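Heads up, the thing below is written out as structure tokens.
Naming follows writing order (A, B, C and D), and every chain is counted from residue 1.
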Amino acid sequence: MSVLRRTGQALLAPLLAVVIALVISGAVMAAIGVDPLRALSVMTDFGETPSQQVTAIVVVLNRAVPLFLAGLAVAVAFRMGLFNIGVEGQYRMATVVAAGVGASVSLPGPLHVLLIIVVAMGMAAIWAGIVGVLKVTRGVSEVISSIMLNFIALGLASFLLTGPLRGSEPGASIVTTKEIPESGWFPSLNGVFGALGLADPPRQLYGFLLVAVVVGVVVAVLLKRTRFGFDLRATGLSASAASASGVDAKRMVITTMLISGAIAGLIGLPDLLGADHNYGTQFTSGLGFLGIAIALLGRNNPIGIAVAAVLFAFLDRASVPLQIANIPSSVVTIIQGTIVLAVVIANEVARRIARRQAESGTAVAPPAAGDGSSGEPDAGPPSGPALSNASGATGRTDPMGSAS
Amino acid sequence: MSTATTAGTTAPSRGPVTELFLGGGRGRRLTWILVGLLLLVSAVRVISGQQALTSSSTMAATLLLAVPLLLAALGGLFAERAGVVNIGLDGMMILGTWGAGFAGYQWGWQGAVLGGILMGALGGLLHAVATVTFGVDHVISGVAINILAAGVVRFLSESIYVDNPAGGGVTQSPAMSSRPPTFSLPVLSSGPDLLGKLENLHWFLLSDLAGVLRGFTNGVGVLTVVAVLMVPGAYLLLWRTAFGLRVRSCGENPAAADSLGVPVYRLKYIAVVISGSLAGLGGVFLVFIANIYREGQTNGRGFIGLAALIFGNWRPGGLAAGAGLFGFADALQLRSRTGVVALLLLVAILLLAVAVVQGARGKITQAVTAAAFAAASLVGYIVIDELPEGIVSFTPHLTTLLVLSLASQRLRMPKADGLVYRRGEH
Amino acid sequence: MTESAPPAVELRGITKRFPGVVANKDIELRVARGEVHAIVGENGAGKSTLMKTLYGMHRPDEGQILLDGREVVFKSPGDAIAAGVGMVHQHFMLADNLTVLENVVLGAEKAHGIGAAARRRITEISESYALGLEPDDLVEDLGVGDRQRVEIAKVLYRGATTLILDEPTAVLVPQEVDELFGNLAELKREGLTVIFISHKLDEVRKVADSITVIRRGTTVGTADPRTTTAKQLAEMMVGAELPTPETRTSTVRDTPVLELRGVTVAGQGARPAVDDVTLTVREGEVVGIAGVEGNGQAELVDAIMGLRPLAAGTVVLGTDDITAWTTRTRRERGIGFIPEDRHRQGMLLDAPLWENRVLGHQTEAPNARGLFIDRKAARADTERIMREYDVRAPGPDTLAVALSGGNQQKLIVGREMSAKPRLLIAAHPTRGVDVGAQSVIWELLKDARAEGLGIVLISADLDELIGLSDTLQVMLRGAVVATLDPGAVTPEQLGGYMTGAVAGTTAGAA
Amino acid sequence: SDEDTSGSGGSASSGGSEDGPKIGLAYDTGGRGDKSFNDSAYAGVEAAIEANGGSVQEVSPNSDASDRADLLTQLADQGFNPIIAVGFAYGDVIGDVAQQYPDVDFAIVDSTGVDVADNVTGLQFAANQGSFLGGVAAATKSETGHVGFVGGVETPLIQAFEAGFVAGAQTVKPDIIIDRQYISPAGDFSGFNDPARGQIVAQGMFDAGADIVYAAAGGSGIGVFQAAAASGGRAIGVDSDQYETVGDASLQAVIMTSVLKRVDNAVEAYIGTFVDGSVEGGTDVVNDLSTEGVGLSYSGGFIDDIQSTIDDYTQQIVDGEITVPETPTD
């Protein structure tokens, strides 16, 4: 009984969010004379042939992998109350440098890939580390420094690309780095489709998906099960209590930024190692900012982030068939925005409903009665207290900065 | 603040020179800092021959680049002073540009002002509903608004401008039907243009001063004037009126304000809507420059505005300085790649000063670090003629970051900034 | 106190429910005009809730509020203020970054604006009630006593005729308490009505004209302070005996556990926050640190815990020089810590109890296994602590924020004791804790001391300090100005040393 | 699939006959209504439909343009043929997609089809030649002997504009002063969409004494026109005839000419070859002065008086007497 109630309450928020988002998006569509049901059927239509359907799934997954990594990078920092708005610049620097290094060495397959991954993670970690170091030694707010470093990364990457790392011919309209030799490519997972008896799609399913899954699991374990993760979350919940408990706040800021950055370094690799094999002027940008939305949507929890990433990827893919069906594709952007808002609003509403239920349910004296059910409604924090702390920490020059 | 108090207590032992520079409170000190900076820049200009450093043209560009940041930052000021972190400034600015474009082509520049403010205010209202009424985390709501704004303007343009006989398209509006007026100081910066003549003589200090003054007084748009006046205006409103006190109390301790009968929710709403309006006005300013709305026009300026706000320690004067510094560095890099190199000389001199001061205070590590960086800058200045576009493009950002790390000032955000306030639970 | 006049404040059948809790149930309260009326009760009895109802911060689910016999309905504190009710909250409701003036005039700008007229009025109030306030001081620079006077000034500025004070004395030293009571007497003479909440029953008996006792959310009766003893009051509250902190048999051994030598901590200005402090804590010894808040005790604690760098001096734990150790190492090697502000330093309010049990002991059994947290063992051990230390909460997964202050404190004490420390830093271990929980905590400290634990005790409660300590050190402006024998000093004398009224000596050192 | 549910988008010309080509048109970011090459491409398609019948489906990429490959794939899946990708940005992905749909003909504007796939035709433009004429016009018309070039983003494509402009101007007046400035570096595409920066960069040139500034800056170009209007200078537009598209009388007065890139002609011609069945994949169609794929506009009549000079240089280039550089020299 109580288990049933608990799961019901846990599902309440996401369900509510979906309903709210559907209602708002439906209203928007109706307002512009689009039949929402038709739009929905267009969005969920993955094509007729098995090959088309599998392709659609591949497109969604390929898009979801970098989004997932971006969300994860943001979430790790969020969990300790740091707002890493600089993921954008971190992965850009990582990708350009990794592409440059990857193209300039020749190694046997797995080692080559490993080197590229390590370089990317290292470069992004350094870029994120600057933010951490500036925060603890100079008291510079991580928000401002990471915004600035995003722009600096943009310029620096451009300089590297058009200068020392330029690999494309002078006349080519897209400037790129030199192509990474085949030993540095990440094999696709298309073999899996054959094994599952599905059609082999024309598009390559990024093998990097596996790396993303592993990273997700590692982060989940790190945060939930380890002493380090405990320290990290404790700092996010209350920096003062954490340092009184023996957490070295300065080191924590830097370590967290390094981890967050290292994950950010992976964001560009699915494309780099799985499809493009070079970094160029057309390399996908903006994933760092989307990562913030994904992290928030996934409530900073790896599984939630995975779901959010797939959802966003699904919506992104839908923009093409919508256009083909003469429905404005900006509908998709509006849906994405509303969903983020809806999820958080739904969390709030669900929390209030749960409280009210508990209120009418238990009407006995003080909480001394230890039967376990009366305290239940409080057990699910709304959007994660780490978040309010994260924003609270926005720009605060905390005691750590003043010590020097 | 702390320097002020130490200065106060050690007053008797101070020589007349120190008294001249540091006495007389904040106003005098500020004046001296400005004079010092001008002297320094002027010297660097003469040494490097980079006339762009203080030309009226660069100053005018500085103003153009700084004003949208200033407006966004002022918007941020209102929201954050009321305790609501507004990372959605950029989205509200985007809405403002669209509103200005839409109203501007139909009703001229006055319409554009209203349209932009209105759209920005709508964005603010949405943020207020989410954060204040629903208690949604401020960062989440802001990020969502940024995403949403981009979608909404694209969508609106798609439905209104495509196949619109007045022109426009998915990414831009038709041109505004009238232009906002501009002002110049008669005689000095227009007509006989005495300042312009003086500037062109390239005299030490005098020409620099003339350049700066002329840049700020020649062909200045209405919105620029309004925006600049808003800096003291915001100070007076927030620090000298009951309304301002109430707003600030919401950002410092909403529970306390609430317990005194201050309508916290309503004030937060008002402040966040003002915030959105100001960001929207920043958007209007951008539309005024181009005379049309163009998608992507804000180009992340809302975020820079937020940075200017933090840079300025959540104070009107400070954020104006932040926006100004950014605007100057940006203007310089847009105008002259070689001018940027001259900045290295400026940096070298400043760092050298820091090294000397720190050395005198006995902070050897800091002094050595500063001196090392000073030397590096100097070498850079001597060796480099012109920087590649990629490097030059981030001059303003790097400058902001450097100044922040150097100043290492104790920034202090409103205490309850970003915290969701829920009154009781009922 | 004529029989015919209606009471200044009357609450009838007030019931207030919170989710899962009935905080007030059918409460009756009558306060006559011009009297000082005390409300006493255990932690979580519902006193603050009741006062918040009277102050319009929330509306009662049932019941009526009558002022001077007329029923009123308060939709907000604004309504209450308009009706002449003012409240000074248990947790100060002040904006640190605003000036005294701004804090006072906030919400009442209509009266005298926010400029010169308001400044004049505040100075007037400050002078006539001897509050000693500077309108342009930043509140964050003020000490607790001053902050409280700002709170009172706020209420008076609004022309309140009924004044509610929620635990006003918890953080004050006797001299300040006396000053406060002097102020109250002044107010009373002016015809103001004062309702005040306190856990210090002697104090209550001294100052109150009448007393209402609340237990488990409902009124259990009223008492006359002249005829009721503290013991009787306590029994009404909890049905238990009034505990005393007395420990007279010395358990002090020879081995020192903690030695501070010339410890100096830099302060904000030129004067160090902790100035050349040297002291020794032996096994089985409680060293009490007395001092008016803000005289370096907090910084001293930070220095011992490694939370603040030393400008000079050494800290020795047992035989180890720990000056360079991290906080974590210090805790691992046997320093337990009950922080002054449990919400800020002692707990993760938004985390479940078992995580709070882990906090500060992340690396120790049973919480950790290797680099991992042993969630199961930590949960189980939390349940043990809850049992052994009488922490009243539904279970280890309850969020800490849902516990009352006393229960939070018991959890902290249990957690710190579970690690079997050599040295315990206990800052205000019973602040705001009701008499029942207080006695539990005192017993725990005494038992641990008997087993050889060295304790540094910091407290604003001088009875507690004198009763528990083997040695007393008085801190004034960062320096130890006197070392006293707790057996030979009264709270009043101690207060004299703390405020600097009596020059420092080493009177009757043990 | 073309139920008439909405008035917008590609249904406009779907009235064309069933038997004509089903054209897929994938825009660059900005999409239709950009008053520039996207619109120009659409105009070409429209003209082709006029001539040959058929219908068109337009699609635009998402905000970070990460779905370009998907756009082409889905158009191919839906049976559109030919598929025209507008903008060199498709160069990264078009090869892969085209190889998977060997029966579909693809064209890409501003990029190459050589060595990409057998069914991709590159529609290229000798923008440097057009810009050369722009330089000639600027140098001839300049009274101060000082002109400017504002580039949107420092990409090779825009650098070709710069190279041609500089060469043209210097051919007329070897000692001419030419200010050159880009708004944003390669990889940062904000420079195509920031009129404010365009204005500021150009204003700097006018303040320094330039009287004609060439704006190869996409959407930022309007800022350049504003600066010209404010300083009493003149500007040269780009891609389409901006005198016609700017939609603002005060700006029309300063747009001396525009360096045209006849994307419309190229697209129309390409569809023509498709209908003929004479499409040659794996090749480039270079539209230059000889094919009138690039050139100057004369709207407004500002440069009518120097038409003979322009024609003269045009002839020299066509004849190969002048070789216009493609990359700028410092």
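Heads up, the rule we're going with is that contacts are C-beta pairs under 8 Å (C-beta built on N, C-alpha and C of every residue); 3 or more make two chains touch, one makes a residue touch a chain.
In UniProt terms the chains read A, B = ABC transporter permease; C = ABC transporter ATP-binding protein.
Please read all numbers here as calculations on a predicted model, not as lab measurements.
Student: Count the touching C-beta pairs: is A-D or B-C ahead?
Tutor: Taking the two pairs in turn, the one with more contacts turns out to be A-D.
Student: Measuring between Cα centroids, which chain is at the maximum distance from chain B (ABC transporter permease)?
Tutor: Comparing chain centres, C lies farthest from chain B (ABC transporter permease).
Student: Taking each chain's centre as the mean of its CA atoms, how far is chain A (ABC transporter permease) from chain D in angstrom?
Tutor: It comes to 37 Å between the two C-alpha centres.
Student: Measuring centre to centre with CA averages, how many angstrom lie between chain B (ABC transporter permease) and chain C?
Tutor: 45
Student: Measure off the straight-line distance from the CA centroid of chain A (ABC transporter permease) to the CA centroid of chain B (ABC transporter permease), and report it in whole Å.
Tutor: That gives a centre separation of 30 Å.
Student: What is the distance in Å between the mean C-alpha positions of chain C and chain D?
Tutor: Computed from C-alpha means, the inter-chain centre distance equals 74 Å.
Student: Which chain B (ABC transporter permease) residues touch at least two other chains?
Tutor: In chain B (ABC transporter permease), residues 150, 158-159, 300, 388-390, 393, 412, 425 touch at least two other chains, as defined above.
Student: Return the residues of chain A (ABC transporter permease) touching two or more other chains; collapse runs of consecutive numbers into ranges.
Tutor: 32, 154-155, 157-159, 161-162, 328, 332-333, 355
Student: In chain C, which residues are in touch with two or more of the other chains?
Tutor: In chain C, residues 18-19 touch at least two other chains, as defined above.
Student: Could you list each pair of chains that touch one another?
Tutor: Here the touching chain pairs work out to A-B, A-C, A-D, B-C, B-D.
Student: Quick check on the complex: what are the chain A (ABC transporter permease) residues that touch chain D?
Tutor: 32-35, 38, 47, 52, 55, 59, 63, 154-155, 157-159, 161-162, 170-175, 202-203, 276, 280-287, 290, 316-317, 319-321, 323-329, 332-333
Student: Could you please specify the touching residues of chain D with respect to chain A (ABC transporter permease) in the complex?
Tutor: Residues of chain D touching chain A (ABC transporter permease): 1-2, 5-6, 8-11, 57-60, 62-67, 69-71, 73-75, 77-78, 88-89, 91-92, 100, 110-112, 154-157, 185-188, 326-327.
Student: Could you list, by residue number, the parts of chain C that touch chain B (ABC transporter permease) in their complex?
Tutor: 18-19, 55, 57-59, 76-79, 81, 87, 89, 93-98, 102-103, 105-110, 113-114, 154, 268-269
Student: For the complex, which residues does chain A (ABC transporter permease) have touching chain C?
Tutor: Per the stated touch rule, the residues are 225-231, 233-234, 237-238, 240-248, 355-356, 358-359, 362-368, 370-379, 381, 385, 403.
Student: Provide the residue numbers of chain D that touch chain B (ABC transporter permease) in the complex, in ascending order.
Tutor: Those in contact with chain B (ABC transporter permease) are residues 7-8, 30-35, 39, 60, 63, 154, 181-186, 188, 190, 193-201, 203-204, 207-208, 219, 222-223, 226, 230, 246-248, 250-251.
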